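Each of the next two complexes has chain A plus one more chain, namely chain B in the first and chain C in the second.
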Partner chain A sequence: MHSKALPYLLLTPATLFLCVFFLYPFVLVAFEAFTRDGGFTLDNFRTMAGSWKFPVTVRNTLLLSAIVVPIQLVMALLMATVVSRLETGRSAALYIFAIPLGISDLAAGLIWLAIFDQSGFLNTLLSNLGVIDRPVMFLGYQSKLTIFIAVALAEIWRATAIMMVILVAGMGLIPREYYEAAEVFGASPWKRFIKITLPLLRPSLQTSIILRVILAFEVFAVVAALGGTNLPVLMGETYNWQFTLQDHNVAAAMALFILAISIGFTLFFLRVLRVPKETRI
Partner chain B sequence: MAEIVIKQVAKRFGGFTALHSIDLTIADQEFMVLLGASGCGKTTLLRIVAGLETPSQGEVWIGGRRVDHLPPRERGIAMVFQNYAVFPHLTVFENIAFGLRMKKLPQQEVDGRVNRTAELMHIEQLLKRYSGQLSGGQRQRVAVARALAMEPDVILMDEPLSNLDALLRLEMRAELKGVLAASKTTTIYVTHDQVEAMSLADRIAVMHQGRIVQAASPVEVYRNPAARFVGSFIGNPPMNFIPATKTADGSWTVAGLTLPGPKSDKQTIEFAIRPEDVDAGNEGINATVRVVEPLGPHTLVTCDVEGGLFRAILESNATVAVGDHLRLSPKPDRVRWFDPETTNAL
Partner chain C sequence: MSTVAELSIAAPEARKAGNWLLVATVILLCVWVLLPIYLLIVNALSSPEEVTAFPKRFFPSFDFGSLSFFINFAGVAKALWNSVLVATLTMLLSIGFGAPAGYALSRFEFPGKETFRFLVLMTRAFPLPLLALPLAVMFIRTGLDDTAIGLALVHTTLALPFAVLITFSLFSGIPVELEEAAWTLGCTRLQAFRKVILPLALPGIAASAVFAFTISWNEVFAAAVLTIENRTLTAFLLQSLGESPLYLKFAGGAALVIPALIFIFAVRKYLFAMWGIANR
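Presenting the complex of A and B:
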C-alpha cells in the first residue's frame, strides 16, 4: 500500500507546480481570448485575423521555420555524426558546439546586430577590404530579404546545438553491432547513414524536430533585435497587441493561435515519425 | 575457392598486446574453430579477418587476394554476430535481403535467394515479422540466413550460439553443421565452448593470451595436446597433471609408480593423463578417494594424489567409497609428458 502510493506522492509537487503556474494561467488566457467585456465572443479572433499584419506575420513565421528548421536538421545531423565519431575530445567538441545554447535569444540577436549593423563588423570588414566605399544598410526597412537572411542566420547559429545534443544522445543508443553488420553486408558509409542511422534515429529526430519547430513558432527576440517591426512575426505581433495596442484579449487570442499551430505540427510529426513498437531497438 | 591465410598478424591496443604474431592457414571449405577463454584474442582475430579491426602488423589473404587494407564489404565475407545484429527496423525478409540489395541484385534474384535460405533455416513463415517479434533462436536463424543468402566465400561466426539456452544450442549446433557443410563455404567460428568446438570443427585453433597454442583436428587436440594449457582447457574434467622425477634416463617416477618416458636433461617433468585413461586395479598410482560422483554412464572419482587433485572416470559398476585407497594404472599409450618450464609437450 505504502509503496503503491509513493510514486503518486512524489509526483504531487510537480503536478501542483504545473497546475498553479501553467494550467491556471493557461485557463486565464483562454478565458480572456474568448471573452470581451464579460461576455463570450469570437470577436478577439476576428480582430486578430482581420488585422492587415496578421497574414504577413503568419507567412513570415512559417517561412522562417520552413527555411531554418530543415537547414538546422541537416547541420545538426552532420555535427552529431562528427561528434559521435570522435574518439578523443568528444565532450570538448560537444561543449564548443553547444556554446550558443547558453546565450539568451536577445543576446544572440544583439551579437548578430553588431555584425550586420551600419557600423558593424561586416561593414568594417568589407570597407577595409575595399569591396565597398561607404557602409551598407543591411537591415534597413527596404531590405526585407537581408533582414530575413540575418534572422535565419542568427536562429541557425543559436539553436542548432539543441537539435545536435538530442541527436548525439540518440546516436549513442544505436548499438555498434548494427553498423558492423551493415558494413560487412556491403553498405558504404553513406548507405549506413541512410539505412541504419536515420531509421534507428527516428525517436530522437522526432523529439528534436518537434522541439525546434515549436521554438521556431515562438521566435521573437532575435527578430526584434535585427528587424524591429520590419519583419513582423507571430510572437512579435502578440507582444504588440498586449503592450503597444493594450488589447490583452486579442493578445490572448494570438497566443492561443500560436499554441494551436504548435500542437498541430507536434501531432503531425508524432504521426509521421512514429516508430511502431515491434521495430524499436 | 577461398583459402584464408593469416600471416604474422599482431594487434596492440595501446600498451596491451591482444595478438602476438599469429600465423594460420585455413583451407578452402574448412570449418575452423577459434577456441579459448574470454580475452584470449579469438574475437579480435576474427574481427581482423572481417575487416572490422585493423591489424597492427601482418597480412590477411582470402582466396589468393590480400585483403587487410580492404573494407569488409570488399572481402567476400559474411558474418554472424554474437547478438545477431538483426536490424530492428526491417522485416525478416529485408534483413536477409540487406546484403543482396547492397549488391543491387535484381528483385527476382533477391526473392529467390531470400526464400531459399529462409526455407533452409526454417523461418519462411517469419519473413514478414520484425526482429522485436522473434525469439532469440529465431533471430539467430535470421542472422545465419542473412549470411548464407550472400553466398559468400567465407562465413565468420562470433559466438553465435552463446546467447541461446542449452537445449536450443544443441539443436542449432547440429543444424549449423549440416547447413554450413552443404554451403561449401570456408568458416571461422569463434567460441569459448569446447564441446561446441569439438562437435563442429574440422580443425580447432586453441588460443591463449594472444597466441595460437595448437591448431589441429579435434581428436588430435584432445589426445595430443601440444601444451599443458590445451590439456587443462580441453576436456571436462580436464587432464590430470602429476610431477614426475627422474629415476634413470627415460624412466620417471610418478606418485610411486615408475614409468618409461621421454629422455630429458631435466630432473622433474610433468606426467599427464586424461581421467578416462586410467584403470583401477592392483597396481598403479596411489590415490585416496575424496569425492564420488555417479554420473550414470560412468562414475567420476576425485582423489588425492601426492597432495594434489586427481580425477578418474571409472565404470559405473565400480564400487568406490570416500576414503578408499585406489591403485590407478594409466593406459601406457595415453600417457603424455610436459616440460614444466616451456609447458610444451615432450
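Presenting the complex of A and C:
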C-alpha cells in the first residue's frame, strides 16, 4: 500500500462520520432556526425571546453556572492539592473523588432527590435533631430557592470530578524542582500554591473551566429530576419546545442560542486565561 | 530532601497538625462523594412502604420489594436491554472509527493533520446533545428514528473525540522502533500492527471502549429526544419522572449508578491518563 495515502485512509471513517453527524446537523439546526414554512425569517427567535419563560430560563441557567462553577473550581483545586500531598491511600482517594465522573446527570438528580424529598433523608435528619416538627416541602412549587440550592448541590457533587481529574493531570506536569527550590527559600505551602501551582496550572485551569461552563449551560436531567418544571433552564425549555409545544423551529432557535453563549464564553475564557506559548511546560 | 527532614525536626507539632488537617480533609471529601450514593442504595434496598415512609432509617432493610417492582414494571426490562444495545453499538462505532484515526495521528506527518485535530477538538466546544434535534428530522426521513443504531450514531459523536485522542496518546506511547523492527523481520505493515502494536495497546483500547460505553449509558437528552418506543433506561426514567412513584425512581437511579461504578472501577488505572490527555 502506498504510505502517503494510508493516513488519509485511516482518517476517512472518522472524518466522514464527524461531517455527517457533527457538521451537517449544525447546518440543519441553523437552517431550521432561520426558516419557517420554507422562507427566511427571524420569527423563531422572536417567538423564543417573546415567551414569558425565556428571561427566567436564561437567568436560572446563568445564575446556576455562576454559582456552581467557581465553587467546583475551588473544590477541584482542593481535591487535587490534598491528593498530591497524601502519602498513603492516594489512589484510593483519587478513585473515590473520581466516582461521580461515571454517574449520569439523571442518576445524580435522583440521588439528591433521595435527600431533599419530603420523606427524604434531610427531613429525617432535621426531625431527629428536633429542628422541625413535620417534614418540609423542599422541592414544592413554592420553594424555588430550595430547589435552586438542591440543583446547585447536585451539580457541584456530580461535576466537580471532571475538573479535578484535569487539574490532577495538569499538576503532574509541574516539575518537582520548582517546589524543592521554593522550599529551600522557605516558601510556605500557601505561597508555593499561589506562586508555583496556580500560574503553571493555567492551561489545565483554562480547559477545565471551559469544559465545565459549557456543561453547565447544558444542565438538564438534574433539574428535571429535582425541580420538574419549577426551575426552567435552557435545555429543558428546548426540550419543551420540541415535544410539548411541537415547534421544531423555535427549538432550533433555542439550540442556536445555547450554542452562541457556549461559544461566547469559550472565547472569553480562551482570552482571559490565555497561555503565552513560551510559558508552556 | 534533607531540607524537609530538617524542617520536620524543627517543627514536628506544626507538621503533625498539618497532617491531621490533611487526612481530615480527605475523609470529609470522601464522605461528601460517597454518602449521597449510600443514601440512594439504602432507598433501593428498602421496601416501597419504607421508601415513602417518614422518618426514614439510615440503614437498608435489605428488602428487595422496590427492586423487584422496578424490574417487573412495564417497559423496564426492554429499556435496560436498549441501553445495553445502544451503548455497545456506540462502543464499537467509536473505537472502530476512532482507533484508526488515533493511529494515523500518532504515526504520520501529513498535510491536513492539524485540520483534523481542530475538527475533533471543536466538538468539545459545542453542546453536542443538541444535535439530536435536527437529526430527529433526518432520521425520520431515513428510517433511523426510534432505532438503537440511530441513537448510537448520535452517542458516537460524543464518544468519538475521546476515542481518537485517547488512542492517539496510546499509540504515541508505543515506540515506533518496535514496529520498524517487525518490518525489517519481514512483517507487512498490517502484520506488524496486529502482532506487535495491538497486544501492547489492547488494555488501553479496552479502557477507552468502556469509557465510550459509559458515555452512552449515561446520556439523557439525545436519548429522550430520539427514542419513543425503544427508550433507553435514562429516557425511560426521565419520561416517567412525573408519574412514577418514589421507589421506582430510586431503584431506577440505583440501576443506572451501579454499572457506572463498576465501569469506573474497571478503568481506574486509565482514568487520569485518559482525561488528562483528552482534555489538553
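Note that the second predicted complex is superposed on the first by the 271 of 281 C-alpha atoms of A that agree within 3 Å, B and C clash if a C-alpha of one lies under 4 Å from a C-alpha of the other, contacts with A are read in each partner's own complex, and residues count from 1 in each chain.
One rule holds for everything that comes next: a contact is a pair of C-beta atoms (placed from the backbone, for glycine too) under 8 Å apart; a residue touches a chain by one contact, two chains touch by 3 or more.
What you see is a predicted model; the values in this text were computed from it and never measured.
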item	value
Which superposed partner A:Glu183 touches (first chain B, second chain C, both, neither)	both
Partner chain in contact with A:Leu106 - chain B first, chain C second, else both or neither	second
First, second, both or neither for A:Arg46, with chain B first and chain C second	neither
Partner chain(s) touched by A:His248 [first = chain B, second = chain C, both, neither]	second
Which partner, chain B or chain C, touches more chain A residues	C
Contacts of A:Arg59 with chain B and chain C, given as first, second, both or neither	neither
Touching partner for A:Gly120 - first (chain B), second (chain C), both, neither	second
Partner chain in contact with A:Leu10 - chain B first, chain C second, else both or neither	second
Partner chain in contact with A:Ile196 - chain B first, chain C second, else both or neither	first
Touched partner set for A:Thr207, first chain B, second chain C, both or neither	second
Chain C-contacting residues of chain A that also contact chain B	180, 183-184
Residue ranges of chain C touching chain A (in the complex, touch as defined)	1, 3-4, 7, 18, 22, 25-26, 29-30, 32-34, 36-37, 39-40, 42-43, 51-56, 58, 93, 96-98, 100-101, 103-104, 107-108, 110, 112-113, 116, 119-120, 123-131, 133-138, 153-154, 156-157, 160, 164, 189, 214, 217-221, 224-225, 234, 237-238, 241-242, 246, 249-250, 252-253, 256-257, 260-261, 263-265, 268, 271-273, 275-277, 279-280
Residue ranges of chain A touching chain B (in the complex, touch as defined)	175, 177-178, 180-188, 191, 195-196, 199-200, 276-281
Touch list for chain B against partner chain A, complex	50-52, 71-73, 77-79, 81-83, 85, 87-89, 98-99, 102-103, 129-133, 146, 150
Parts of chain A lying in touch with chain C, wherever the complex brings them together	1, 3-4, 6-8, 10-11, 13-15, 17-18, 21-22, 25-26, 28-29, 32, 75, 78-79, 82-83, 85-86, 89, 91, 93-107, 110-115, 117-121, 123-124, 127-128, 135, 157, 162, 165-166, 168-170, 172, 180, 183-184, 189, 203-204, 207-208, 210-211, 214, 217-218, 220-221, 224-225, 228, 235, 238-239, 242-243, 248, 251-252, 255, 258-259, 262-263, 266
